[in-house]
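Below, chain A partners chain B and then partners chain C, in two separate complexes.
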Partner chain A sequence: MINTGVNKEFNMSAGIEKNPSKKSFKLSPYLYIGPHLILFTIFFLFPTLYGIYISFTNWDLIGAPEFVGFANYQEILFNQDSTFYDQLRTGLGNTFKFVLFTVPACIIVPLLLAAGLNAKPKGLKFFQALFYMPTLFSVSAVMIIFSMLFSVSFGPINHYLSVDTNWLATQPYSWIALVTVTVWWTIGANMIIYQAALNGISKDLYEAASIDGANSFQRFFRITLPSIRAQILYTVVITTISQFNVYGQPLMLTKGGPTSSTTVLLMYIQENAFGTGISIAGIGAAMAVILGLCIMVVSAIQFIFLRQRD
Partner chain B sequence: MKKTGISKIVAFIFLLLMAFIWIVPVLYTSITSFKSEADIQTNAFTILPINWVIGNYQDVLFDNTSAPVAKWFMNSLIISVSQTILVLVIVSLAAYAYSRMKFKGRDAIFVFLMATMMFPAVVNLIPLYNIVDKLGWVNNYLAAIVPGAAGVFNIFLVRQFMKGIPMDFDESARVDGASDFQIFLKLILPLIKPVLTVVALFTFTASWNDFLWPSIVFNDVEKMPITPGLQLLQGMYALDVAHALTGALVAIVPTFILYLFTQKYFMESLSLSSGVKG
Partner chain C sequence: MRKISLLIFSMLFVVTLVLSGCSSSSSGSQSSSKNEIVFWNPFTGPDGENMKQIVEAYNKTNPEFKVKNVSMVEADMYTKIPTVVNSGKGIPNLTIVHAERIKQFVDNGMLTKFDDLLADYPELKAENYVPAGWNIGEIDGSRYSLPLDVHSFVMYYNKDLLEKYAPNALDDNVITFDEIREAGEKSKKDKIAGIGITWTRPIFLSIYNQLGGDITSDGETPTLETPEAKEALQLLKGLVDDKITNKDGEDPGQLFKSGKAIFYPEGIWMQNSVKEAKNLNWGLTSFPQVSPDKIVNWTSSHQFVMFNDENRSEENTKGIMAFLDFVRENSLPWAKAGQNPAALETLENPEYKELPQAFLIENPEMQQTLKIFDYKYNGFVVEEVDKLVGDAIFGKLDIDKGLKAAQKAVEDKIKTNNKK
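Entry: the complex of A and B
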């Protein structure tokens, strides 16, 4: 009360400390990233590392995994008498076939659609919405629809083409059906990406080329393609990754047939680990690691992409 | 001028032909769902139903004996909405810290997270089942809700967007005495609504359409979401066109409606996530 000077000083320092005291209330940055990091560790990082470990073990998903070194890999890669060797050969082979058949189609078809849309015809918005729409549907719904469309006896495709092709159980029709369905279902995203890219190409380039006498073929290969090179590369990468994970289409449309000719590796992985009977999770995990390595090669390219943007 | 006129016509005809291929499966499904199975057996290929019936819907939705589609639908709704909310909260918090706060190890952690995006999800499938089983989540909604929120890509997306907001905003708010959390809640969140909308739409549809994972963690028919459920439905109605297609149609209605109202965001989001600017 008497010594006002001290009081003043005290008040002043209190005033200065107002900010630091508030700062002690501030949540640590780790509390912001914590919830995600916890989920990330439990449900992504740990199971990924554990999945690699499991591939070196004998495991039935219930007891403790028993370490067996490279035995699983030895079995599926080199033991020609093993059913798992056959499974890997068939499954990985069919997965690669699927990637090889679908990726080019899933680049070229949306590119053509985007080029068509880029001419700004009547009904642009409607066309765009229609081609994108199936992307929003689930694989199981789409496969039910197409299994009925391709049905031998009551399918409209056979009826209107006046044929009795067994689309889903004879080759090469099963592959044709799978590729058709996949294109119908998945090209939406790529189309929109190309559309945006094509929109960005300067009209002057085309006009200059026309004046120089370039025909539309030359214009496409000399101007259009080089201008959207980055988008093409990006879509090839993401499309390839997603097609390597193919599962639902052959499972529900062709049931992996005829005679395992469309059974993909993920179907064998699922069957070995979670199918009926005792789980052979170790073998399943080894197959998953091999499939994963194939995907990783492609993903590495995607990573470089995203880092460039960062 | 003449030239562009011709190319417009060529483009239109080409798109019209393609549109036919794209629209037929959807129209076929919608129309067939109103045909009675008896009509299909006798007159399979009339374009429109001879008698319009809604019996397929009643059967598929409320015949709870073997394929409880209405129950599956509700399960999916609960799962997808919950996961969307969880992802929005977790992602916006994390992206805020990675883009606007300074702390030890920030950039190292973020680069590490980005690098893990290369890890293929197929490798963690089997152990993830084991973890979820140990948590007692088999046949529990949580199994389909929580693990999906562990991804990194959305954080990357939101962080990119946040980096476009000038840091001056935060500085001036801080001078006015706002705490970090206030800045996040009152200043940043309203500004990142567009990217959060995109994250929400993509999370919802991805969750609704997820197939492999839920078909592993749900074996109780009552608890299952609709996407793996349809596989059972396909087995049940293998020779029953009308009912199978009705089930498929019910499953695609929610994402279809969502799409009708939010088309613009889906289109814009692709230029956001593809990142390579046109």
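Entry: the complex of A and C
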């Protein structure tokens, strides 16, 4: 008995010893995600946490950041006398407007183009390349081209419409210009996703529907859309997030004007943290955190809303 | 165990790779061990070539410390400076910064003084430089910077159109706004704009200063909401309303280059782009004035500074001084980029006297017209001025309201910045 007991004990301890080595063996997945994890930590996690920390400080990028608690948030959210309160309101308002104007168009236009291309027209590859191409251009190149196109006295748009509209410095034309440019520039990415999704829908469904007498509208809304719902959800969320981060278009095209009506929040954040004046990084960081929270909340709502329709 | 060590080893390997990848980009600017002067400047445009010529000419003289020219985009450079000075690593030995930034750097104790170093170089003195450029570097009796140039915002004019619409305007070497208005009234019948509204910041600041205003009253308080500022904006708005200027949204540069505008206020550094226009017979004169009695030309200046660095060696600093003395005597390439060198030595050069912008420093009276808006919160002011002027003069923003908001914004930014 004693012997067996000893043996059992020995076995148990062996088992205990074995377990951690098994666990450490499971560490090997980290080897695979390691490189990404390190890059993620250095270029995403650390800057994010540091940014949140900065939003609780008063910092000019030169001295040491000085902790001020919620003072920056108090200033931008509740101090109605403050310029920064106005900046947040104007900037966030314009950002939301931009998202509202562009996101539907950035979903519908690529979807229609993808549906068109899915019918396999002549020159499919050509059009596919044509629609995708703008996505490859840098924001500055696109904005320079469009500011020439929209130019008041020398621009082809005014020339062919025979008007002298000041597209970039009067409303509502500034918004029209910004939305047009953004949609043109971002068609490609979503279109490719929709094309792939449309290719995956079984032809049988369409055949069965036609036999039952469904017209093309019914087929689109009853078969096509539900079949690619997951991809639409994905693109809506991704597009919304990316449009919330709008910066280059108004900066280069309208310069935030006229009268700050197209100045988006990122432009104020940039001005405060890295402007020509002394840096007010704390206020800039607090505005950035607010923007981040808005993006999170809006994405969560979209997610819940689109999931519920199951 | 072997697997764990393998894992740790590979992770370390990756970390090393990542870190070395990061550091290799910055190691280029560290030089304490080598015999070279790392020289940061914001000259990424065509003027970068001219600066390179000066540096190369200096290096050909076989100095003990050769200059390594590092040009980077202005915004990037100004973001990098606090980072490297804070960390103490990769600090450039010599840097070019804009005059308006110097007070800010001095306030933060980031600059090394030149005071003791000047003794060995008696030619680096006030008498040898344009006053506007030289005076900027002297704060509380200490010298923090030496000037490279004084670059001004002046006015180009179309000689043929001037002959046609305002033949006598330049007789006294000054063009006034009244003369512009008179010429513009005549020329608008021929669909030619009197004057182009170009860069609104120096246009507004010049007029503001001519009327007796300045962006600060005592070096601390910003002064934007003033009767003079209102008057300046009203003057410009009057020109817009009476269609003496280009229309909102029209590109004044294109108008001028295609012979559809008489006057074109721009920086002297824009000459190369004006030269591109063929068949354009142009001249350069002072910025338009409210009255010929007080001439103001908005000016800025590129200044050499040394950021504080614990590892700065005495020999290296001597090398820097030798280079600065060389630049003083050899600024002609810089003048050819369209700028006015701050060193008066270049004035004697016949090649320089031929250049159109030379009139600005040819005599002490003209040198007096160069006005640098030197204020430690200049950055905050110009951010607001940029938002204000265009909208106000093109009638999209009420002038009183705009000035009030601008004043408030600058005050709020200063207040938040000083909150300790």
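In the analysis below, the second predicted complex is superposed on the first by the 253 of 310 C-alpha atoms of A that agree within 3 Å, B and C clash if a C-alpha of one lies under 4 Å from a C-alpha of the other, contacts with A are read in each partner's own complex, and residues count from 1 in each chain.
FYI, contacts are C-beta pairs under 8 Å (C-beta built on N, C-alpha and C of every residue); 3 or more make two chains touch, one makes a residue touch a chain.
The structure displayed is predicted, hence computed values, not measured ones.
Of the two partner chains placed by superposition, only chain B is touched by A:Tyr247; chain C is not.
By the touch criterion defined above, A:Ile193 lies against chain B but remains apart from chain C after alignment on the C-alpha atoms of chain A.
Contacts of A:Pro258 after superposition on the shared chain: chain C is touched, whereas chain B is not.
Look at A:Ile283: by the touch rule set out above, it reaches chain C but stays clear of chain B. In the superposition on chain A, contact is made by A:Pro35 with both chain B and chain C.
Note on chain A: of its two partners chain C and chain B, the one contacting more of its residues is B.
Within the superposed three-chain model, A:Ala169 lies in touch with chain C and out of touch with chain B [touch as defined at top].
In the superposed model, A:Leu100 makes contact with neither chain B nor chain C. In the superposition on chain A, no contact is made by A:Ala208 with either chain B or chain C.
In the superposed model, A:Phe44 makes contact with chain B only, not with chain C. Common to the chain B and chain C contact sets on chain A are residues 25, 27-28, 30, 35, 39, 42, 61, 151, 154, 274.
Looking at the complex, you find that chain C touches chain A at residues 3-4, 7, 10-11, 14-15, 18, 75, 79, 82-83, 85-86, 104, 108, 110, 247-251, 254-255, 377-383, 387, 390-391, 394, 396-397, 405, 408-409, 412-413, 416-417, 419-420. By the touch rule above, chain B contacts chain A in their complex via residues 4, 7-12, 14-15, 18-19, 21-23, 25-26, 28-29, 32, 40, 44-45, 89-91, 93-94, 96-98, 101-103, 106, 109, 113-131, 133, 146-147, 149-152, 155-156, 160, 177, 179-181, 184, 205, 208-209, 211-212, 216, 226-231, 233-234, 241, 244-245, 247-249, 251-252, 255-256, 258-259, 263, 266-267, 270-271, 274-278. Taken in their complex, chain A has these residues touching chain C: 24-25, 27-28, 30-31, 34-35, 38-39, 42, 58, 60-63, 66, 68, 71, 75, 82-84, 151-154, 164, 166-170, 256-260, 271-272, 274-280, 282-283. Residues 19, 22, 25-30, 32-33, 35-37, 39-40, 42-48, 50-52, 54, 61, 112-113, 115-123, 126-134, 136-149, 151, 154, 156, 159-160, 184, 189, 192-193, 196-201, 228, 230-231, 234-235, 244-245, 247-248, 251-252, 266, 269-270, 273-274, 281, 284-285, 288-289, 291-292, 295-296, 299-300, 302-303, 305-307, 309-310 of chain A are the ones that touch chain B when the two sit in their complex.
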